[in-house]
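Before I ask anything, here is the structure I am working with.
Chain nomenclature is as follows: A, B and C, assigned in order of appearance, with residue numbering initiated at 1 for each chain independently.
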Amino acid sequence: MSPRLRWRKFVSGFMLTMTGVCAVVAVSVLFLILGYLAVHGGASINWNFFTKLPVPVGETGGGLANAILGSAKMLLLATIFGVPIGFFGAIYLAEFSGGTTAFIVRYAADLLNGVPSIVIGIFAYSLVVHPFKQYSTLAGGFALGLMMIPITLRSTEEFLRAVPNPLREAAMALGASKWKTIVTVIVPAAYRGILTAVLLAFARVAGETAPLLFTALGNQFWSPGWTHPTASLPVMIFTYALAPYDDWHRQAWAAGLVLLVLILVINIVARAILSRGIAVPRS
Amino acid sequence: MATTTSTVPSAGPVAGSRSFLSRLRQGDEIARMITFLFAASVVLVTLLLVFELWQGSVLPRHKFGFNFFRTSVWDPIFEQFGALPFIYGTLVTATVSLLIAVPLGIGAAIFLAELAPARVSDTLEFFIDLLAAVPSVIYGVLGVFMVVPLMRQYVQPALKHSFGFLPLFQGPAYGVGFLTAGIVLAIMVIPYIISVSREVLLSVPRDQREAALSLGATRWESTWKVVVPFARAGIFGSIFLALARALGETMAVTMVIGNTPVISASLFSPGYSIAAVIANEFTEATGDLHTQSLIELGLVLFILTFILNGFARLLIVATSKRGSGLGHA
Amino acid sequence: MKRIAGLLLVVLAVAGVLWADNPLSITGAGATFPYPMYSKWFDEYHKKNANLEINYQSIGSGGGIKQVTEGTVDFGATDGPMNDDQLKAFQDKHGFGILHFPTVLGADVPAYNIPGMTAELNFTQDAIAGIFLGKITKWNDPAISGPNKGANLPANDIVVVHRSEGSGTTYIWTDYLSKVSEEWKTKVGKGASVNWPVGLGAKGNESVAGTIKNTPNSFGYVELIYAIQNNMPYGRVRNSSGAFVKADLASVTAAAAGAAKNMPDDFRVSITDAPGKTAYPISSFTWLLVPAKFSDATKRDAIKGFVKWMLADGQNYTEALSYAKLPKEVVAKELKALNNVQ
């Protein structure tokens, strides 16, 4: 073996090992985050955390129950607002629309998807908070729902399109109208993918903080109804992490762990649902 | 990306062949109209967003014009608003993050696409996708409690010691600053580079590799000199995607950048980014000029990310078309 | 699938009913300076009035002024009184005015984090101004070490920490600096949000305290209680009589003595650099901003009820958190002014 070849082989082995190192480093970050939060925040996850309200500044104890409920309410609103728009819009794109309209709608969805979340916050403030002179759960839910729309729309459209044509044609041959075909054949065939899309969109907005700063504000009590400011998990994590109180830090880590685990579990479940379904292209 | 063949037309027999009334009776026309409304609302809401950004920034656009992008004084008392420090901060942190994330990301993608057996590759990709799902505020927490002390106690002094002659590494070691923000951003965008690059690398036709290897190239040479260049456009696309993400990041950045509108050659200096200043000042910007200047910053950010995302998509699509067009792996 | 949807709707309806505006919820926002006090007050008041929740968000005085002017919150809070332009803006927008109600007396203290140093440092007016102007950069500068004979000050760079957003605490600090340093007055000026010559920005008193605590060689200003609650060393400041005074209940009350006698009708007054040998020079009142007119009578009565309670029982909670009580004359005057809220 010539020395040149030996060198090239060495370089090859070395560089390929380095790529392996890169991969390991990248993946280990995930476990680093989980580990840190678990070690520091795990101990603070107790019954109080889930049931108590925050206590006055500087005192210890208390929990983040109102933040958990606030986040849940806003996510519910976001799903109710964002998912139908994405879902029915996708049906239009996949089943009814012509080329130009489809292009425009998809382009708008991609645009909306790329908007930084802080800008969504500005938009929601000027549309919902400012005219009604009220920070509210509704405004927060609206902002989050906006972010769910493009993800739901694009993914659902892809899964609908992936339903094989023979299924459609068979339904038509049996005399079903278009909408009946959609409702009874196409959507059920694609439901796994659609469910995955919704879950992934949900997980994505569950952790969003920036849009909530200008819409839901915050609340140290329970937020009554839907038209008042409310605490939320991501905003509390942000506030507590930057404060000097150790007790707040512990709560921030605990909340971070809860939020992260929730999001990861949803992601894993979504992928599991998908992998057991029909083989569809990943978007 | 192996998608089903590109043209799946509106499925089924051509709808126009039946009369309008018959379609109406069968409910199809209603279904079409309802779903059209939903689809149209997406377009409407997006247009409304752009409109609000444009309208909401009319004062500073008329008062400062393009000087908005050239001046660096941000003074709410004297009503002088110059966006330069924020644009600078946004670009610097994004650049630092890419400098770190791109080599790491492409390296990992190469490993996953070329070397790792399918099962390992899929499992690792699974974890990478999970990493992409971690919310920004959690990265911020990681930044504040782990990265900042590390930077302040070990990394910054070490860099200063070895490279302190460069203006890049001068100044006191605060822990927070451009470099720290860049590092945290790098961690956040690596998953995007890896997953997209891995896909485009996987879509490079097998014959390319085989041809190189049959000509005597080593594994690495075949990868680096043939496969990667073939997928070059898609990899650039992934970088643009990552850049777009880095530019718009708010929470993690504002927690570690130091929140000071400063333009400095040193990476140790605290700085500010567009997203961070909006988050900090929006709820309390007194005076319309201040508020609208912040909205104009939002508009700038929106336009930047819009352009980058557009490029990214073009490049990624171009690569996959190229890959599938030449016969498939 | 349909059953799940149905179930969801039922849950929604129940949730809507259960949480439909049962307690009266009032929202206020503003200063972080008195936040520990307000959070304690509103918590206690809620215990006494279970049907009333006063939700206070500490977003900074600038935010308080802006949001109450916008009308997105029911009341505001600030440690930098609204200036004439801001008052006029409110009047123009709503057709009626907005009233200031002092709540407590507090102090901005110079907190620092010098590794190994727990001693109380003495700061002259020039030292503080010089540090914040960026002219004094090292801890062992003669301007600092002069009045601190015996303290082993290191030759490290000072890391200045200030607020990143519109802040009444900043207003108090810069108001003081403008009075004691001509250079500061012309170069930077006083305000809730200034063009800082040097330093790191952090959001809220909480975050400034956090940053100082975590950053060696740092120096910044926070409200007294934040320094105490977090065991942070803070220094003495030289007052107009030349004495180095530490911020505490007595020295803050002494600073307000003159103002108590001559309180203007709108309660907007500055007590920084107050005369008096024992006065702490960086003290201040902090105010609630209450609109003069409410369209919702229940909200108006709830807020008026709180202010009355605050001026009486509420004052008994202040000293535990190191805020000084309001002088008696001021309390009497405020109770009268409360009648102007309709």
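Simple rule for what comes next: a residue touches a chain if its C-beta (ideal position, glycine included) is under 8 Å from a C-beta of that chain, and two chains touch if they have at least 3 such contacts.
The shown structure was predicted, so the numbers you read here are calculated from the model rather than taken from an experiment.
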* Chain contact topology (line, ring, star, complete or other) -> complete
* **Comparison of B-C and A-C (more C-beta pairs in contact)** => A-C
* **Between chain B and chain A, distance of the C-alpha-averaged centres to the nearest whole Å** => 17
* Take the average of all CA coordinates in chain A, do the same for chain C, and state the distance between these two points in whole angstrom. => 37
* Can you check how far apart chain B and chain C are, centre to centre, with Cα atoms defining each centre and the answer in Å? => 38
* Asked: Going by the touch rule set out above, which residues of chain B reach two or more other chains?
  -> 283
* **Multi-chain contact residues (two or more partners), chain A** => 242
* Multi-chain contacts in chain C: which residues touch at least two other chains? -> 29, 59, 202-203
* Asked: Of all residues in chain C, which touch chain A in the complex?
  -> 1, 12, 15-16, 19-23, 25, 27, 29, 35-36, 39-40, 42-43, 46, 53, 55-57, 59, 70-73, 202-204, 206-207, 209-210, 213, 225-226, 229-230, 232, 321
* Name, in rising order, each residue of chain B that touches chain C in their complex. => 73-78, 148-149, 152, 172, 174-176, 254, 258-260, 270, 272, 280-281, 283-286
* In the complex, chain C residues that touch chain B -> 29, 59-67, 69, 86, 157, 159, 164-166, 189, 191-196, 199-203, 214-217
* Considering the complex alone, what residue numbers of chain A touch chain B? -> 8-9, 11-13, 15-16, 18-23, 25-27, 29-30, 32-33, 36-37, 40, 84-89, 91-98, 101, 104-105, 108-123, 125-127, 146, 149-150, 153, 161-162, 165, 168-169, 172, 177-182, 203-204, 206-210, 213-214, 234, 237-238, 241-242, 249, 252-253, 256, 259-260, 263-264, 267-268, 271, 281-282
* If you look only at chain A, which of its residues touch chain C in the complex? -> 55-58, 73, 76, 80, 129-130, 133-135, 191, 217-229, 239, 242-245
